[in-house]
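In the two assemblies presented below, chain A is common to both, partnered first by chain B and then by chain C.
Moving on, here comes the complex of A and B:
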């Protein structure tokens, strides 16, 4: 068996550090594990305030914060062709062999995948969310997704439900879509050394307080549970437009001493909030996967969650109590969770999570997808255009026009700035010395000359 | 002392060691004449005349007058401004570093004392359309980096020997130290 091939991957998304979220963490942890497997990984995202230019993260992960200002919900302004020059420059100077785009809602991701295909690069796309089919926003988003995925090498979804959703929305053949679930950093999310006292039962809620995360359900569920169980207390972490409703509920039912509102909780403090509770409550109305319940289970909490999207695929049946997204059903589920709480051992739960979910496993499976993508034949422009034509009577022709213009602009750029004029960046190798201080020292090697 | 150089499509690099590297070490980046720029310079008077004529014809239309005036101002600036011919870095280990920009007979000089320079750094600059290497100084007591070459954008194979010479003069090692890592 030959040496495993070293890939040079460009991760592209509008969602990355310094923001924290499911997509951001996924890109970060996956990149770190791929670096450990010996691949080269570079991340491209938009600038966040003053954070603009090239930055290096742990493990030598290089991040390009391209100074394109976000215009709506953290997304870069869609210009179709505006990002072509910078993406071409990055692909050439880093000698990228594969581009991995994340999140259907990211305009930078869609543009990067289109330009990469024009340049002949293989592309992989990961979809992290579920989307609808009926509303105006979803219809347009699905058409954009259909355009991007018409020419993608392989796609990844985070759950089987998400795969079904993506295949239906984009028309992508199911055999091209892989299911690789997210994971959790179990080293960071550990149970408390001493379990909180059983005198009172603490239910923890940590989520953005927005409609799609079921904040309206919480407004109905919390007073009912507090009425039925005098020894139950709630801790609610997170912020958002629905926070006002929860505050009003607390005032109306005089639950100030039983419902604690923490506001926005920094990611570094999430574990300390989780380990102060016994039960984790998730009331999302839609979730492709839900990393939050993984984090809670890793901390040894029993989870009560709505049965939506990909949530039933996440945890074994003895670690989660599922309910319909209905207040009365959720109250019954909490009742069941309280009754089985004495049987839960947080440390055993944590150990099981360590075996079930592991970012290194995610990276190895993603590596297989990359190998498959690179084996795909590189099609000519005409073959690619035939794929776009099948996207619709009018949409297909429009997509073909967009791709043809992109191709012409790419050729123009090749004349204006030939690839030979773009300098290749030397590979930075992190030396692993016995002394930890030496392990952080970087040595820069150039193929032609040593810069050290 | 012998001169050595690297030649590129746009720039020529000359390392002048006639004073000996202990006293002074000069590095020159010479901008080669660009045919495209020359063409633009010859075209601009024609465009200027056309704009003036257009302005004369449509002097009652405020919008056209405004845009024409802007175009004329830009073309005049293009004609009058002399292009950069050369940028130099003269390293005097005992005193400091002199940075020069040559535009025809006009020379703009900046001097940085040796004890004010913490470290010379090669960094990657990202713009909305491209990415390139630049050589800068980290100046003691200042938050902003000082660009060594303000007008020209030479390739990294030209910047590296200059960076090494600066590191040797300042006394810091010519390898990258621990970078500032952004922890998540």
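Moving on, here comes the complex of A and C:
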């Protein structure tokens, strides 16, 4: 199909650097790889503390920290139309051709996607989590997702289980949903040069200590394993509400010398904690795609995990031992892992991971999705409204009302602040061999252009 | 590049696997939807199939409690009108207490002397406390007009009925309150506050003591008594409920025609219309379960 097109992509989410997490890393690495492929990528997120305004990251990645403060769990206050002016300005200024929203839980993402569709931009959405269907929060979230995805060009999910979950929740046709997994930065997660000694087996756990990540399972499993295998030691990294229970368990069974609690581990130190162990234990109760397992496998650790969500799809069967989320089954799995541990070579595992997961591959596959999205016809308002009407008897009409008001506000903005008056950012490609001085000069130049 | 149909140069292309590693699977697009898509979904796994007669029988306990509350309201009305004087009220209290204990003794198979003594002691403390506090209740709302009292009491009683734990009379063991929910505590408090308001309208402290004892007896112990009867014999439960309903309807009829019609309508609604409606709505139930669900812990988390 002709020469590759250069896209101008806006990534929108509430979750980005300086926060560290699955979604944040995904957006960052994907943006970097897309930049290397020659596209233009701009990221939009909310302000983090004092970090507000425009920032530039590695490779010329421009990040708009819109001055909205988060109000609940890192999400901005959902004001429906409050973000329309700033999004319109960003879309016109950067000449964006495609908007890519991340994470269903992010209110900024939903609003940005709605406004982008009003302005006629193509829209792609990536869902990173699994949600239920039964409780009030999930029902509300699914309806919001149905609204956003009623008019999306394409959708991406991170695993096949996540695709099934998203299709059920939003009513999208399955052909519109692409499955593109996350990847891991294998250059950063290299195994140790010297493998830790084999006379003592170290099991590493790094996760937020919350109910969802199975901290209660850990409380049951750790004493049992310590009782059965006297040469096993645990290292637990991470913090959360369930840390108290783990400390209590430690005291109750007198495992202070066998269970080491590290507290919150900053992202830069995760590798050093991982390479001090032989086995990585993941006890989550639900995971769409577990990046922690990838990091552990890239460092050469054998993984023991619960068989939930998308975890069975993540690693080949010889690199992971799966167990039901039940303490006795997990102890059996750890037993099996300990027995196959001598056959594992961390360097071989790391080399396999380099072939299996690669951010550049993810970017190429995402590029295919973008090409598809841009081929979708641009529908007029009336045709879009018919899509929203099918969302439900009452909800459909409410959604149509929301979209119509958005359209009217957009027209009002066009009169009040015409597009010709908004300065457009010139396209400047920072090539690889750029001098740092020149890069700084360019940054200042760009910064001046954007300050209004 | 449509799903399922791909131009393959080689006659045997590798099978599509449900895995996320290895990048794009050769011969398949990323949006390929396999036949195994959604094969692990389980629908309506926990839905209980309901039978109309059983639901109607279960709804009898709700109408029974409605009648009990209606009877309490009736006694309040008669007392406030001075139709019932304090001696007859006191007789009523004592007879209720006595018959309650009798029922407990008859229906409880293993009632030890210890437990009985425990109950008696509690009732004694309770009655003494009420007697001592009666003068306080009498002067509690002296500065508030009767209209306000009525305006508050009726909504409080409705709140009590809405939030009442109707399943408590079927599950709870006598004497043990296993995990009272927030709503059952709120409903109990609402009923007690309503009784206090009504009691404070009465002229003498004996009146107040008698009516408070009556109201509190009924609100606190009626669920326990109905539970014991239901546990002992279902037929006895049905007989008791129907006789109670008949008695209530007869008394309300003599009081006020309109209230009688309303009560009758409410009882019919609860016993007949609601079960039918529930069973009709069950057809729309759509419960989805699958591998994406959050795993449930099979052990109880004790903090």
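Here is the rule we use: the second predicted complex is superposed on the first by the 429 of 452 C-alpha atoms of A that agree within 3 Å, B and C clash if a C-alpha of one lies under 4 Å from a C-alpha of the other, contacts with A are read in each partner's own complex, and residues count from 1 in each chain.
As a working rule, a contact is a pair of C-beta atoms (placed from the backbone, for glycine too) under 8 Å apart; a residue touches a chain by one contact, two chains touch by 3 or more.
Worth saying up front: this structure is predicted, and the values here are computed from it rather than measured.
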Query = After lining up the shared chain so the two structures overlap, which partner does A:67 touch, if you call chain B first and chain C second: first, second, both or neither?
reply = first
Task = Once the structures are superposed on A, label A:369 by its partner contacts, choosing first (chain B), second (chain C), both or neither.
result = second
Request  = Mind telling me which of the two, chain B or chain C, contacts the most residues of chain A?
outcome  = C
Ask   = Touching A:168, do we find chain B (first), chain C (second), both, or neither?
value = second
First, second, both or neither for A:57, with chain B first and chain C second = first
Request  = Please indicate which partner A:89 is in contact with in the superposed arrangement: first for chain B, second for chain C, both, or neither.
outcome  = first
Query = Thinking of the overlay built on chain A, is A:22 touched by chain B (first), by chain C (second), by both, or by neither?
reply = neither
Query = For chain A, which residues belong to both interfaces, chain B and chain C?
reply = none
Query = Any idea which chain A residues touch chain B in the complex?
reply = 17-18, 28, 52-58, 63-68, 82, 85-86, 89-90, 93, 421, 423, 425, 440-444, 449, 451-452
Query = Touching chain A in the complex: which residues of chain C?
reply = 2-3, 18-24, 29-31, 33, 37-38, 40-41, 287-288, 290-295, 297-299, 301, 303
Inquiry  = Give the list of chain B residues in touch with chain A in this complex.
reply    = 9, 123-133, 155-157, 160, 174-184
Residue ranges of chain A in contact with chain C within the complex = 130, 132-134, 158-165, 167-168, 174-181, 212, 214, 216-217, 220, 245, 285-286, 288-289, 306, 308-310, 313-316, 325-327, 355-358, 361, 365, 368-369
